[in-house]
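Structures are listed in the sections that come next.
In the two complexes that follow, chain A is the common piece, with chain B as its partner first and chain C second.
Moving on to the complex of A and B:
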């Protein structure tokens, strides 16, 4: 046996192996040496490597870390909108801080008849390759986008486009009163289609930053475009990184490897706030977490049952205890910032009222000690479907389950992988806790059409509300903004009285920002992240 | 030898066919299709009719066999198609990710070998001494630690506390260290134990005693004689690890934002991006067959008994 012949002592082995490790460590240190010194390594102002020669030492740069990764930068296929978010491309129309429409690459627009829109394209704008932006370039870009993306085609409904100098005339297939607001959709971002580089790797846009290098699913390196029409960026360079792991993002903020970090986990925000070099921006988002009632289920067709469930949702407790204060109570589907948000009172948490409503609907506590509600011998048991994608949803589901149990309603929670497919195909569910951006481009039309029109893509609850359908049809042919607001407000009122869904909270986005970043504030729209005005100390 | 290679290449075709067909059927049995993603229903109000039109234009309304045959004939012409979502050619997508996956695979295996080989040899030579006990403990810990936790702890110390290494991205040797160590530590435990038991067995063989009797040094006896046989189970296992690592390691890729195959295919599965899933399954399936061929050839080289038999 070997242990009878240990020609080498244990100590000698140990020395040999540790020497081997030291040798290897030496190699690693050697090969990393030059990298670290040319700045290509890491650290808060990474990305300065090659540019140090181009733009001189001390060139200003920052790193933004985002939660979604993009495998292509093509604005017409990248669902993460990275080319807009990284300030590479721009759209004709943008959203301002108050979520109103603002001219961007277009200076003005008007509707000349039901299907015709005339846009004036901003003069003096150039693409990153120096070529001029005119109506012909916009036309080519939009036509390419529509051919590439059926999503953009469905949003714009374009029949034909004519270009003349800086004037762009668009004919739509059907009246599309929200056409300007649909142009905010990042898929409609304008690129130079004649550029040599592959659009998926380096789209040539008009934004303050041009793509220097793109590693799909890892990062985009950006450099300032000096000819930017709205004043060249203060930063010489920027890096837009992706990481889908929330804890890894948090550590990157704390280690100052990233200057701006999007979507920090709620429970970590107080920890981040205690670090002096960073601050937390908790910004309300356009998202809405809500409960969908399956209107195909007989017991939920009774409005009083839906009102009872609604009264059992303790929205303030959800904001305080589940979202740690980083959310606002939702009154209806739309964010209170919007002009079409009605001035109505929010739903009130009232278990006593819920019990009364259920009693009126014929649900009475059974004779046993369980306190469960029954009607005709059948217990009131509801199946609630939700998903893990947003970690707070299962917690909200549990809170609703606990409150419902106190009132005698049994709720069974089921987690599903793909809620869109499950809710569309299955009929066995009663409640679904879902989350949606209800007005992604500042107009109520998207959600109202998707969620309430019979042919919409988000009509999971299959509510049949003729009054609401009529209002939306009217909205779909109304151009005047004040009238649209009024119609949307009326639609929301119908939704609030008929309760096809119970809207719960608008979650905040938790964004960590290093103190050295100045002149930057995150917007509600989450579209325009890197800007020409942002700077670092 | 040539017969072995020939039969393996044939096997590769059979495996490729079977794998892709099975994946295709399973993906179709699972609910959902890519239409909602393509139309981006989270952002655009689309109608059922528009969804149906996309479904038809992609041929997703066709019978399963027709869809598979269509895909298959394109593959025969060396065309893996393009992603439904990004419109990138699938071959380009896989090619661009394979490099990153291979780098981190090699990094992980290197770290594993650096830990497992010395520890395995030491624990076999000093069986049941303190070094063996320590390595047993280490193996047990290494195998039990979930890699996302280990990765976070490594990021915490090396990137946050000591600021020695970058925590994410794929930018050079420094970026490779943390993902490699995370992967390596998780694998090292099993290999240490495997090497130890293989060596203990071969150290008891008569040829080892014969080598010692001829007066050879202990190091030579262990490295040249005993290790050659003791390493056989490790080589077989190594092939399996290599295969599974080349498929991508999702946890490590997510944590370190490492742009590899694992995350690519998970995204493709969530979005039901069939061409990407099929292309991935075909490529990794073939890679695994090739690796197994390599392992078999290596084992033959190391073990003369196998060569004599054939």
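Moving on to the complex of A and C:
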């Protein structure tokens, strides 16, 4: 054990060196790969094409690769919304390209009094098992969803549901002016609760695709549902795969193993664009990357310190250099496309102003040459928590860290596996770089309620702003859309002056699409990925 | 060529270490760049007269980061190996010399740990403790002491039955003295060879854990962490991965040559 023969050692060297050559050869082979397939016209010989041939002559199929994995397909518990994204289930109401509400499984709805909503369920819709969709089926599905999901129960606030033929009458516990928009929530997707198959493995929905096989955390295989109410899908089969590794997704796109790939790394978009068989769709998302201030920390309770950190965030540089231009500078939590986005000016990167604010707050440079700010002998050191799941977040954190260091603020970055758990349980952090959809259903209420109301799910910074709480309470009972927009705008103004968070950028989604995919465009909402109209050449 | 490498392995290995030591000590004076200074205006520049190896995606000088990384990687490795030796060697001596229940207790722990691959234990320990360099060092120490304890115990077991040890004991030498005067020197050469060989493995382990995001945290210019940072630019700017990769390769090669060479020299039982 303690000794090898020299010849053996030489053997090891030979093996190592030859492996090195094999590695290099592998790289060379890979780089010539795409060119070879270009010659044959947009990769007709690709993996996807072959699998289409295997499934029968002329059977069209497609593979979509998504960045999050789901272990269950149950629409009421799967936070990755795979059943709706894969076109298996549908909701009563959907969002259109402009994020307005559109009828889907419901053809129309009206509010008969403050707490009563009447929905007309679309006739001639059938579930994948052939049974007809009526109001009773919708009632059973919604009741199941509400029982399973606390967040759906909290969003809908349902008192009782009555079903009569194709008419669904919902009574809410309190006035819920955004009830139809809450029904867009994928947790409210309609399934046939009487179906035999386990909902977690094969939910029976009304969408264009039925589940053929599901491997948790790996993939869902789908087949066309011929009786789809809105016209059977053009594709005979589709595979919805999951992979959380951005580089693996990129390679799957380049090797044409996947036809549509979600969330490509920003640095790679220029490389992808140079491959003729593939195009990049860079669409603005409803997401916001923002910095949460932990308002429980004494030094961050000082507004001037928060303003100083905000002034040290170089948003333009983040958009240009980190996001490679695939982002929009954020002014407040909501995307500029929304009517409730305020007209106010965005934050300005101004290190000099930051220094002035910190000086006013009593933080002075220490006598040493380090330039570190201190107050009462204590240095200004902040702990910033972020996570790898969105690869640009650690980069933004490092840029903020570097800018803060120049101003004399020490920032320690800590990566955590599960930010939600960490931020909820620990109190030792000062800053958290986080990302969230801020208006996923086209309404400001979701984010305002979850981030600023005491019972919300995103109240990590524990900001207590009575003025803001009052506005949100008022928003929650206001029905008139113009008034709602006005209240939301006022709420954003309060947020922008009090700075419980610094909103940084709205990232674009970089989606790689093989040229053989036609009639498909990614939507802002990130909900409806596989559709009946999409096709392949 | 093989003969040359074999003959001069120790010197080549020492040479690599010397080079690293010089880089670590003099680097900051030779390279006029701060390894942490971000300059977004200069990001991803190619090598030129100011930045000899170019800049990374934050506009930081790559060479300055490599040199700063050498210090971190080597420092951590030395700390890890010393701690592993300080735990493993005494436990091995004790276990081998005392025998009985003590030996059984220590060896069962060792057996249990040996049953799992090193790297998997290290990943789980580092994962449980949370991402931090200190945690990585702890994880590595907890994995690596086993080897030393086993080697030392083995030597002590063989040696303690030999005449000179018996003679020492008959002459009334206290147990502690017997261990340190007679048994430790017998075990030491083998332990040192093992340590030198392990050095390379530990560097790889630190880098691998940092690459996985469990070790060095940004902006620390640890080599594995630099590889991790550069991963995103693998297709656009592959050099950013090649530089730290080559650095790790050279240092590990140096460690292995040194270990191999030492083994040849210290082991009198060899047939060449």
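Points to keep in mind about this one:
Heads up, the rule we're going with is that the second predicted complex is superposed on the first by the 478 of 537 C-alpha atoms of A that agree within 3 Å, B and C clash if a C-alpha of one lies under 4 Å from a C-alpha of the other, contacts with A are read in each partner's own complex, and residues count from 1 in each chain.
As a convention for this text, a residue touches a chain if its C-beta (ideal position, glycine included) is under 8 Å from a C-beta of that chain, and two chains touch if they have at least 3 such contacts.
Computed from a predicted model, the values in this text were never measured in an experiment.
Contacts of A:89 after superposition on the shared chain: neither chain B nor chain C is touched.
Contacts of A:420 after superposition on the shared chain: chain B is touched, whereas chain C is not.
Contacts of A:141 after superposition: neither chain B nor chain C is touched. After overlaying the two complexes on the shared chain, residue contacts for A:456 are found with chain B alone; chain C is out of touch. Of the two partner chains placed by superposition, A:206 touches none, neither chain B nor chain C. Touch counts on chain A: comparing chain C and chain B, the chain ahead is B. By the touch criterion defined above, A:402 reaches chain C but does not reach chain B.
Contact with both chain B and chain C is seen for A:247 once the two complexes are overlaid on the shared chain. When the two structures are aligned on the shared chain, A:71 is found in touch with chain B, with no touch to chain C. On chain A, the surface patch touched by chain B in one complex and by chain C in the other comprises residues 2-3, 6, 10, 13, 247. Residue ranges on chain B touching chain A, taken from their complex, read 31-32, 36-51, 53-54, 57, 85-88, 93, 96-97, 114, 118, 122, 124-127, 129, 131, 148, 151-152, 155-156, 159-160, 163, 165-175, 177, 203-204, 212, 217-219, 222, 254-259, 263-264, 267, 270.
On the chain C side of its complex with chain A, the touching residues are 2, 5-6, 36-38, 40, 43, 57-58, 127, 130-132, 151, 190, 193-194, 213, 217-219, 231-236, 260, 263, 267, 269-270, 272. By the touch rule above, chain A contacts chain C in their complex via residues 2-3, 6, 9-10, 13, 246-247, 250, 265-268, 270-271, 314, 317, 321, 388, 391, 394-395, 397-399, 401-403, 405, 412-417.
The part of chain A that touches chain B in the complex is made up of residues 1-3, 5-8, 10, 13, 17, 20-21, 24, 28, 31-32, 35-36, 40-43, 46, 69, 71-72, 74, 77-79, 148, 150-152, 154-155, 185, 187, 200, 215-219, 241-245, 247-248, 251-252, 254-255, 257, 418, 420-422, 425, 436-437, 440-441, 445-447, 449-450, 453, 455-458.
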